[in-house]
């Protein structure tokens, strides 16, 4: 998994029928130092994430292991909202700070 | 998933029998800021996309989760035509503008 | 899928038994502008491709969806010989030109 | 698999129910010369690894082949703590040195 | 698949039980011109490869399609020792030269 920040959302009316009722969010990938990278992914939201939330996302077939994404043609899913992480014992990000 | 623009199509007569009746489109990958990247993929079309459409595509085993691509040797599928997306509340792309 | 050119072949006598009778070709990846990239893959041939053919190849689990590659430890397959492709209506490559 | 060093951990309360009771560690990827790379992954721990341990991690569907990760939406797992490795007969890393 | 050279091995005592009795080799990736790249993978050996052997390795779920790696949490396998390969009719590597 990688850490990213929810920065937007995508609207698509014409789509494969298996995509119905899925929320598609734009996630900007962050480094483990919490610096934004010039890299993004459009991921299905399985945890009611919102804009500015730091999240964990999984890609590939693992993205189809949630109840919402099972057997659907999606290759990225947000499966957690990050509360905090640390590096070498020092806090890097704290949602509730 | 990533966002891309349909820029062309591929014709192939000699191919695995499981590729029959699939439309193969050339998709140029775009950044979430809508700038084109020097990266492309040839993807199966599952939504009757056309040239200049902005689309979402999925890769890997997820590309085989549509009715058209099930059990076929393809690793990329266009599964949605993008109407619009926003970043930080500001519209980045609007199909009908 | 990506487009590539068949540039060579690999000989391997000592190999997993599931690799028997598979032809292994060296494919140089090309851009959608048909410029060769400094990137290659060794792919199983499922369409009797030959040196100098422009081909489409699929990677990952999708590479195991042909009759020849089913359940084998291979992660890339040539599943089509490209006749032609176009970008923005202009022909980029034409096999029979 | 790649070699990495455990450098931190991630806390996430709001998450897919299938993520319950999984420890999420931040792993910095190392080269085979043991130099740290500017690349990381958040991986599920299946071997009770701790901070500063050198570990092996697997990604993609292979990350779901441990008892802890089976059928869960995770795409990276730590499946071994590295004791040592060598290159060309010379020891590169030795846990117990 | 990619071509690589076996340059070392990894020892790991504490590991997932499904990793028992697997030999883990460090493979440096080579280009199709046989130049070493600054890229490596730790792969399971399924063909009794040894240091300095040029090998083919497969990654992802395809790495689990050998008898040794079936259902194990590994994402790379050496499935062939390369005897030779050619580019444009010219021999690039010959094991027995």
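To keep things simple, chains are lettered A, B, C, D and E as they appear, and every chain counts its residues starting from 1.
Quick note on the criterion: a contact is a pair of C-beta atoms (placed from the backbone, for glycine too) under 8 Å apart; a residue touches a chain by one contact, two chains touch by 3 or more.
Just so you know, these numbers come straight off a predicted model, no measurement behind them.
Common partners of subunit A and subunit E, by the touch rule above, are D.
Between subunit C and subunit D the CA-based rotation angle works out to 145°, given as a multiple of 5.
Each chain gets one centre point, the mean of its Cα atoms, and the points for subunit C and subunit E are 20 Å apart. In terms of their C-alpha centroids, the spacing between subunit B and subunit D amounts to 33 Å.
Contacts with at least two other chains are made by residues 60-61, 63-64 of subunit D. One closed ring of touching chains is present, and its order from subunit B going to subunit C first is B, C, E, D, A.
Across the complex, subunit C is touched by residues 7-16, 18-19, 24, 26, 28, 38, 40-43, 51, 60-61, 63-64, 71-76 of subunit B. Residues of subunit B touching subunit A in their complex: 1-3, 31-32, 46-48, 56, 58-66, 69, 77, 79-89, 92.
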